[in-house]
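Next up: some structures, all given as C-alpha cells.
One chain, subunit A, appears in both complexes that follow, with subunit B as partner in the first and subunit C in the second.
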Partner chain A sequence: MLDFIFPNYIVPDLLLLLFPFIVIGARLFCTAQSKLPWRIANVGFIAIFVLLNFIPLANGAGKFFISNWKVDDFGILMREVLIISAILGMWLSKDYFDHSGEKEQMHQIAEFIGAIAFATFGGFAVVSACDLLTFFLGLEIATIPMYALTAWNKKDQLGSEAATKYILMGSVATAFELFGFSYLYGFAGSLHFSEIQAAVSSGTSPLLWVAVLFLFCGIGFKLTLFPFHTWAPDVYEGAPTPVTAVISVTSKATAIAFLVVLVYGPFAPIQEQIAPLIALLAGTTLFVGNLGALKQSRLRRFMAYSSIAQAGYIMVALLGPASIAKTAIIYYLFIYAVSNYLAFFVFGIIGHYREETFASLRGLSKQNLGLAIALAVSMFSLAGIPPLAGFFGKFHLFFSSASTGHYAIVTFAVLNNVLALFYYIQLIKSAWVDEPEGTLSPLRLTKRQRNVVILLTIAIIALGILPFLSNNVFSGFSL
Partner chain B sequence: MDTLLFNAIWIIPLLTVLVCAPIPAVHAKVIKWIHAVSTTFVLFAVCYLTYRVYALQGSPVDEYAAPLLLRFFTDIPWLTMFNAHYIVGADGLNMLLLALTAFIVWGGVLVSWNIKGNQKVFFALIQILATSVYGVYMSFDLVLFFVFYEMEALCMYLMIACYGSGRRDYGGKKLTLTLAFGSSMILATLFGLYFEGGVHSWSILELSKVTIPVDFQMWAFPLMFMGFAVSSSLFPFHFWSPDGHSAAPTAVSMLAAGVMMKMGAYGCLRVAMFLMPEAAKFWLPYVVALLIFNVVLGPFIAIRHKDLKYITAYSSISHLGLIFLGLAALTPVGLRGASLQMISHGFLTGLFFATIGMIYERTHTRYINEMGGIMRKMPFVGVGFVLAGFAGLGLPGFSGFIAESTIFIGAFQQNSTITRIVTILAILSITTTAIYILQTANRMLHGEKPAKFATLTDVCLREKLVIVVLVACLLFIGVCPGWISDLLDQSIAPIFEKISAATEPVIGGIGG
Partner chain C sequence: MISDITLGYLILLFPLFTFVVNGLFLGNRNAKAAAALAVTCNGLAAASAIIVAIHYFASDFAPQKAVLFEYVFIPFASTLVAKIGMLIDPLSVMMLVVVTFISFMVNIYSIGYMREDRSAGRFFSLLSLFSFSMLGLVVATNLFQMFIFWELVGVSSYLLIGFWYHKPSAVSASKQAFILTRFADSFFLFGIVLVSYVVGSFDFSTINALTLSAFKASTINLGLCTVSSADALILGSVMIFTGGWGKSAMFPMHIWLPNAMEGPTPVSSIIHSATMVVAGVYLVARLFPFFTICGNTLTLIMWVGAFTMVFAAVIACTQKDIKRILAYSTLSQLGYMMFALGACKIHMVIAVTGWTASTFHIFTHAFFKCSLFLIAGSLIHQVHTNDLDAMGGLRKKMPITYVCTLISVLAISGIPPFSGFFSKDEILLAAFQGHHYVVFALALLTSGLTTFYMFRLFFLAFHGKPRHEGVRAGHVHEDFAMTLPIAILAAPALLSGILCKGLFAKFFVPGRLRVPHLLRLAEAEWIPFAAVGVAIVALVLAWLFYASPKAKIQRALDESNRCGLYKVVYHKFYFDEMYYAVVRQFIFGGIARVARAFNDYVIEGLLAFSVWFIHKLGDLVRTAQAGYLPFYLGTLIVGVLLWRFFGQLPL
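Right after this comes the complex of A and B.
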C-alpha cells in the first residue's frame, strides 16, 4: 500500500522544523536554571549541520519534493551557511544571557534559540522554494522572528524603538514584495518558477517590469540596499548583540538567496536587461555604506554601515553568469559570516564591561593581545586584505562580474575598497594605537569565548589560502 | 633540492612566526635570536641560490618556463575556482632583488634589537612583511603576485602606527591607504587581463605569449602602470612617502624604501611593460614628462628640509625617478640601468635609514640643525652615513655610479627629444643631490657639538656589522658590476625582445 519512498534529502529540513518546538518544549519539563534546552539546541544544530554534509551535491536541477520544494546544490550550500550562522548566533546568545545579569531572563534562552531556528528555517524555505507562495512564506518566516528578537529586552527603550522601526519598514517591504508577486502572477498566469521563466523568455511586457521593480524595492529593504538602508543603523544599535549578528548574517544571506533564486531562476532570460538596475543598486549601496561608516563612533552603527557596504559588494556578483555568481556568493557569505561573527564576539565581550564605542576599545592590544589580534584579523578580512579570507571572497565576487565584461562596476567597487580600508583601519587604530583614558576595567573571557574566538580567527586565515575547502564548495557548480 | 630551497624563502619567515607564537612575550631575547637566526639562514640561502642561477647561465631551461629563462620553476594548481596557480621561478633580475631583500630584512632585524613596545609582535610583523616582499619577487602568477603585493598593507599600518615616531598614525594611514589605492587600480586591470587576454590564464608566461588586444591595453596600461608607480612614489603619487617614512620605525623605513618601493618598479617592468608592450610604447613618453618632478624637483625639496628622514625620503623619490627614466627609455641599456638602480638604491637607502635610525636612537632628534659634532662621538655611524651619501650622489666606485651612468646612457640612446632633455636635466640634478648630501653631512657630523651630546657612545658590534655588510655590498656592485650585469641582461633580454617586437599604436605619441 505504501509505495512512498521517504526522501532522505529533506531530513535536515524536517529536523529543523521540529527542532524549535523540541527546544522550547523541553523547558516545560525542567527547572528554570536547567541547561537541558541549551544542550539540546547545541546537539540539534550541529547534527543538522553534519547531516547536511552527507547530502551529495548534485548537478543540474536538483531533487524535488512535492513539486515546490527543491533541494539542489545551491540550496544545500546555502543551508550550510545559514546553519553555521545559527550555531554561531546560538553561542553568542549564550554569552549574552550569561552576562545579562538578570536571573529571570536566564531561562528564556530556549525561546531565543527557538526564534533563531525559525528564522533559519525561513532561509531554508527561500532557497528550496519553487513557487512564489513558498518563496514568500519563507521570507516572512525568516523575518518575523527577528522582529520579536529585536524587542527582546522589554525594558530597553532603544530596543523597542528599533523593533518598531524594523516592523514598520519590514511591513512596507512585504507589501512591496506582495505587490510585485501579484503583478508577476498576472504576467505569467502561474505561481511556479519554471512556468514564470517560460513566460518571461517568450516575451516581456510593462507588467513584468513593474513586478521586477517592486520586487527589487521590497528585497532592497531586507538587504539594506540604498536607498532603503536607513533602518539598519538604528536596528543594529537597539537590538541585543546576538540578534544584531544574526540579522547581519542570516537575514542578509536569506535576502541574497532570494535575489539569486529570482535572478537566476524566473528572471534568467532578462538578466541582461536588469543588469543596469543591479549595477546601480550595487554601486550606490557600497558607496553609501562606505561613506556612512566613515564618521561612526559607535561599534554597532559602524557594523551596520559596514554590512550595508558588504551587501553592495555581494550585489556586484549578481552581474555574472549563474555558475560563477552562485559559487562566489556562497563562498563570500561563508567568509562574511565568519568575519562578522568574530567581530561581534569581540564587541560582545567588550560590551559586557564597557560601552560599545570606539573609545572603549582603546588599549586593547596592551590589555588582551589575543583579542586585539582577532579584531584586527576580522577587520582586515572585512576590508579584503590578503591573505585573509575576505580578500579571496571579494576577488571571487569581482571575478564573477568581470567575466561578463562589467569592468566599470568592478573598478568602482575595487576603488571603494580603499574607502572601506580607511574606516576599518580607524577601528584597528582604536584597539592598537590609542592610549586608554584612565584605568581599564578588566576583561574576563570564559573558556567558550576564548575557544570560539580562536576558532574563528583560524578559520578566517585558513579559509582563503587552503583550496580544499573551497574546491568542495565549487565542485558542485563546475559546468 | 634547489627548487625546494627556493620555495622555502617565503615559507621560512612565516614558520618563524609560528614557532615564536607560543613563546610568551617576556622572553623577548629568545624570540629575537630565533628571528635573527632565521633571517641569517634565509640570507645565506638566497646568496647561494643567486650563485646557482649565475652558474646555470647558458644551460637550457625547462620548456614550460619559456619565454623567460626561469630556474627552480614550480607550478601547482592553487585556487581552482578561478584558475589560479602557484607559479614561482627565478631569473637573474628577481634573484638579485631577493638577495637585496634578504640583506635588508637581516639588517632590519638587527637594527631594531632594542625597539620599544611588544617586541614579539614587532618581529612577527617584520617577518610577515618579508614574506610579502619575497613572494612578490618570486611569483609568476598574477593572483599570487597580487596576494603578496597587497599583503604589505596588513603589516605596514600596524608597524608604523604602533612602533613609529612623530605623526605615526597620520603617516601610517597615508602610506597604507595610498598603497591600497595603487593596488586597487592594479586589481581592476588584472581581471581585464584574464578575460581579455584570450588565454584565460593568470600566468605571466602564458599571457606573454599572446598579444593582448590593443584597445584594452590603451586604457589598462596607464591604470596598471600608475598603480604600480604609486608604490614607487612617481609624481603625482609621491606624497605618501616622506610622511610614511619619517613616521616609521627604522626597520620599516629600511624595508619600505629599500625593497617595497622597488616592488612597484619591478611590477611596471615585469607585468605592465612585459604584458602590454604596445601601450607601453604609446604611454611611456608621457611618464618621462612626469619624471621632471621626480628627478629635478625632488632634490631641491630635499635641500629645504631639516628632518633627516624627510631628506632621505625626497632623495629616494629622485632616485626612483631615475629607475623610471631607465624603464621609459625602452632600450636594453636603459632597462639594465633601471634594474641596477633598483638594487643599488635598495642597499644605499637601507644604509641611509639604518644610520639615521642609529643616530636617532642616541640623540633623540632627527633635525640636522639640532645636531653637530657627531663624527667625533660616533665616528663609525658618521662614516657609514657619508659613504651612503657618496653612493647616492654617484661617486665612481660605488654602485650608484654604475647604475646611474647606465641609465643616462640608455636614456640618451632613445631617439626622442623629451627623453634627452629630461636626461640632461637628470644629469644636472646630481649637483643638487651633492648639495643636500654634503650640506647635511657637514651640519650634522661636524661643527659645534651641543652640550647634551657629551655622553653619546658609538654603535655596538651588532650595528657595526649591519653598516659594514651594507657598505661592502655597495662597493661590491660598484667595483665589479660585470657578473650582475650578466645576470640582469639574460633576464631582460626576453622582456626587451617582446617590447621591440611590438608596434606602436597609430595614434602617435608626443616627442619623437
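Right after this comes the complex of A and C.
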C-alpha cells in the first residue's frame, strides 16, 4: 500500500455510479417476476446511506478527489437527503409495479430504479462540483432521467403530454443556464469556482450580472420559482404519483443545492447585491404558490402549488450568512422530504383505489384513522405548526434571513404562512370533518405502506419534539 | 415542638391543599370525604394560627414586626422586586386567627347546610380557596403580594356567589360583585404602580416609613400633566383606598354586597365576617402610616365610612329579607371601621385611638356577624324563605339558636358586657377625641338604628305567632352540624370584647408613627352611658312596634300603606335601578354598541375584503395555468425580462 491512502469518502459516490448498472444488469439474468433487482436496489441504497453516515462531518473545507470532486459537510448532508428521497421514492413506487388497482400498472422496475439512481447521482455531482463543467453536467444528469420518469407509462396520454411540456421547457431553461455559464466564463476567464470567486471579488461588470440573471432564471425553472413554475402543476398532475414525489423532492433538492453552491461559492462576494433579486424571487414564488394552492381540488396539483410555495420559503434562507443558511436549508430539506413523502404515500394509497381529489379524502378519519392521522401530521408539518418538525424547519429558514436583517421578507413569508395554513387545513378538514358523498371504494394498505407511513409519521413528530436528534446537522456547520 | 415558621407555612398550606385535593380529586366523587378533609384541614390551620398567636403575644417580641419567610417572586428591576412572604405583626396575627377560625366554623356549618347539594365537593374546595386567598392577603409583606391575593379573593368570591350557577339571579349577582370590585381594583393597581414608581419599593415597611417632605422637590410626568412626587403619592394613596372602597362595599359601590346574598349562606357568612369585605378596612389599617402623611386622604376615608354607616343603617330598618338586613348591617359596621380609621386625624396630628378601635371592631364584628349569618342560614334552611313575613314564633322550636341569636344581637347593638359594646365604645371615643362632632353624632344615631333593626329582626323571627305553615305544623328542628358552630361562636360574641380589650390596648398601635406624646386627648366618661342609653331606647321602640302584646305585626309588615320616603328607603334609594340604567343605557347601549359596530363593519369588513381579494388572486393564478405550452414558454422569456427590470441587479 505504501503511502497510497484510499480515499474512502468517495466510496458512496462510486457505488451510486455503479449501482444503476448493477440493478439494470441484474434484470438481464432473471425473469420479469424476479425480485432480485428490487432486493439489490434496497440493499444498495441502504448501504450507500449507511456508508455516508460513516464519513465524519466537520472536516473544514472538505476533501478533494482528483482535485475536482469536493466532499464537504454540506455535500455529505445533501447526499443523505438525496439518498433518503431516492429510497422513499423507490418504496413508494414499488406498489405501482406490483398490483394495478385503479391505475395502470407500471413496468420495468429495474430501469425505473436505475433512473432514480442516475438522478440522485446528478445531485451528488452538483454538490461535489468545483468547476462549471461538472456543475452543469450534474444538473443535466439530475434532470434528464426526470423527463423519462414522467413519461414512464407509455400509454398514458396525460403523462406523455406532461413529459413533452417538461422536456421542452427544461431545454429552454438549460439554454438559459448555458448562456449564463458562458457569460460567467467570459467574465472570469476560468471554469474553476475558486478563480471565478476571486474574479468576482476583485470587481464586477455587466457580463457578470447577465450571467447572474440567466443562471437564476434557468435554475428558477427547476426550483419552480415564479414565473418559471408553470410546468409544475401540469407535470405533477400528469406524471405517475411516485415520479411526482421524486420530482418534488430530489429535483427540488438538487436545484436548491445548485443555488447554495453558487451563492456561497462563486457569488459569495456579491451576495449583498443579489439579495433583492433573491428576496423578490422568494416572495413572489411563495405568494403565487400559496394563491394557487387555495383553489385546487386535485391532490397532486395541490401538492404542486404547495411545493412551489415551499421552494419560496427555502429561498428566503439564502439571504442569510453561509453557515446558518446551509444548516437551515439542509435541515428543512430533511423535514420537507419526510413530510412530502408522507403526504405522497397517503395520496398514493388513496390513488390506488380512488380518484386523487379532495373528495376522495372525505370521511377518511372514520374509514382509516391511522391514515387520517398521518395525513394531518404531514399537512401540519408542511404548514409549520409546532411542535411538529416543520415548524422548527421554517423557524431556522426565517432565522437565517432575519440574522442579516431582512425582516421585510421574513414578515411577508410569515404572513403567507397564514394563507398556507388555510389550504393545508382545508385538506385536513376534508379528511376529518366532511362526510363522503356517495360510497367510496375501501382502502387497503400493504405491509410496506403501513410500515413506511408509521415510520415517517413518527419521524416528523420525533424531529419536532426531540430536537437533539438533529444535532449532527447543526454541529456540522459550527463555525 | 413545631417552629413558628413551620406553623406559618402550615396555616397557608392547609387550605391550599384542601382546595387542590378537593378540586381535583375528591370533590366530584365523594362529597362526604371532601367535607371531612375541609373541616380537618381548616381546623388544623385554625389551631396553627391560634398557637402562633399565643406564641406571638406571649413573647417579649410582641408589638414588633417579623417576616417569617420571603421569596423573590418577580424581579421587575434590580431595585424593584416583588416578593411573596409572610409578615407577622399584631394586626396580621389577629386576622390569621379570625380568618382561620371563622373558616373552620363555616366549614363545619356547611356540612349541614350543603348536605343535599349535589356539588358540595366543589363548594368545599372553593371555600378553602377563599380562606387561602384571604390568608395570603393578610400576611402580605408588600403591595404586590397583597394585590395578587386581593384578586384571588375577588375570583373566589365570584365563584362562590355564583355557586348556584343555574339561578340567573346568582349569576348576575356574582358578575356584579366581580365587575364592581374589579372596577375599583383597577384604581388600586394604578395606585400601586404610581406609589411603587415614586417610592421604588412595594414593601409595606418602606412605604409606611415615608415622609412627604422628601418628595416635594422632584416631579413626575403622569402623561397628561406633570406633578410633584408628593402630589403623586397623595393621588396614589386615594387610588389605593379606592381599591378598598370597592372591596369593602362603601357607598356608592355598595350595591354588590346585598345582591351577593344570592350565594349559599355560609358564603355570605364568611364574606361578611372574615374574608372579602374586611379586606378594604385591612388595607387601610395596614397602610395607615402611609395614609396619615398623605394630605386629607384620611378625611376622605372618614366621610366615606360615616356616610355608608348611616345610609346602610337606614335601609336596614325597612328591609324584610333577613339576609339583606344583615348585609346592610355589615355595610353599616364596615362604615364604623372605616370612619374610625379616618377619624384618627385631628387637624395636623394623629391619634391612634381610632386605629385600635377599628381593628378591635374587625375582631369582635367577625364573630357576631358570622354567627348571625349562620343563624339566618339555619332559619332559612328550616323555613325555606328569606322573608320575615313568613317567620315568627321560632323561639320554642329552636331554643339554642334563639339564645345564640340574642347574644349576637346584643353584641351588635353594643349592650354591655357583650363584645360589640367595647369596640363600638372605642370608635365613638375616637370620633369624639378627633373633634369630629358631626360624625360622632351620626355614629350615636346609627348605634340606635342598629339596635332597632336588629331587634326588629329578632322579634319578628322568633317572637309572636308563627306565620308559616311549616312552623305551625312542627316541621322545624335544629340541625346539629349547623347549630354547633352557632353555639361555639356565641362564646366569642359574648366574651371576645371583655377578654381582648387589654390585648388590643397594649399591642395594637399602627407601627412607626410619631405620635406627639404631649397631645392631650379628651376623656369622655359619659360616652358609654350615652351609647347604651340610645341603644336601650331603640330596643324599647323595637319591642313596642314588633313584640309588645299590642303591636300590630301584620300592619308593621305591610309596606304598601307607607309614605313616599319609606318607599324610597325600602327600595334602597333606587340605587340598583340607577346602576342598571347607567349600565344598560350608557355602557351597553352606547359604548358597547359603538364598539360592536366598529367590529362588525370595519374589522370584519376588512377581513372579508382581504379574503375576497386573496381568493380572486387565487383564481387569477389558476386561470393563468391554462395548460397551453406556447404560453408557458412565453412565461420563461417574460420571467427573464421581469427580473431584468425588477430584480434590482446593477445591469
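The rule is short, and it goes like this: the second predicted complex is superposed on the first by the 467 of 479 C-alpha atoms of A that agree within 3 Å, B and C clash if a C-alpha of one lies under 4 Å from a C-alpha of the other, contacts with A are read in each partner's own complex, and residues count from 1 in each chain.
Everything that follows uses one rule, which is that a residue touches a chain if its C-beta (ideal position, glycine included) is under 8 Å from a C-beta of that chain, and two chains touch if they have at least 3 such contacts.
Every value quoted in this text rests on a predicted model; they were computed, and no experiment measured them.
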Quick check on the superposition: with subunit A as the shared anchor, is it clash or fit for subunit B versus subunit C? clash
Tell me which partner A:206 touches in the superposition: subunit B (first), subunit C (second), both or neither. second
In the superposed arrangement, which partner chain does A:448 touch: subunit B (first), subunit C (second), both, or neither? neither
Of the partners subunit B and subunit C, which touch A:385 in the superposed model: first, second, both, neither? first
Is A:172 in contact with subunit B, with subunit C, with both, or with neither (first, second, both, neither)? second
After the superposition on A, what does A:39 contact: first (subunit B), second (subunit C), both or neither? neither
Where on subunit C is subunit A touching in the complex? 614-615, 617-622, 624-625, 627, 629, 631-633, 635-636, 638-640, 642-644, 646-651
Per the contact definition, I'd like the list of subunit A residues that touch subunit C in the complex. 164-165, 168-169, 172-173, 176, 204, 206, 209-210, 212-214, 216-217, 220-221, 226-228, 230-231, 233-234, 273-274, 276-277, 280-281, 288, 291-292, 294-296, 419
For a test of understanding, state which residues of subunit A touch subunit B in their complex under the given definition. 327, 331, 365-366, 369, 376, 380, 385-388, 391-392, 395-396, 398-399, 402-403, 405, 407, 410-411, 414-415, 417-418, 421-422, 425, 428-429, 432-433, 467, 470-471, 473-474
Which of the residues in subunit B come into contact with subunit A in the complex? 25, 77-82, 118, 121, 143, 146-148, 150-151, 153-154, 157-158, 161-162, 168-169, 173, 176-177, 180-181, 184-185, 187-188, 191-192, 194-195
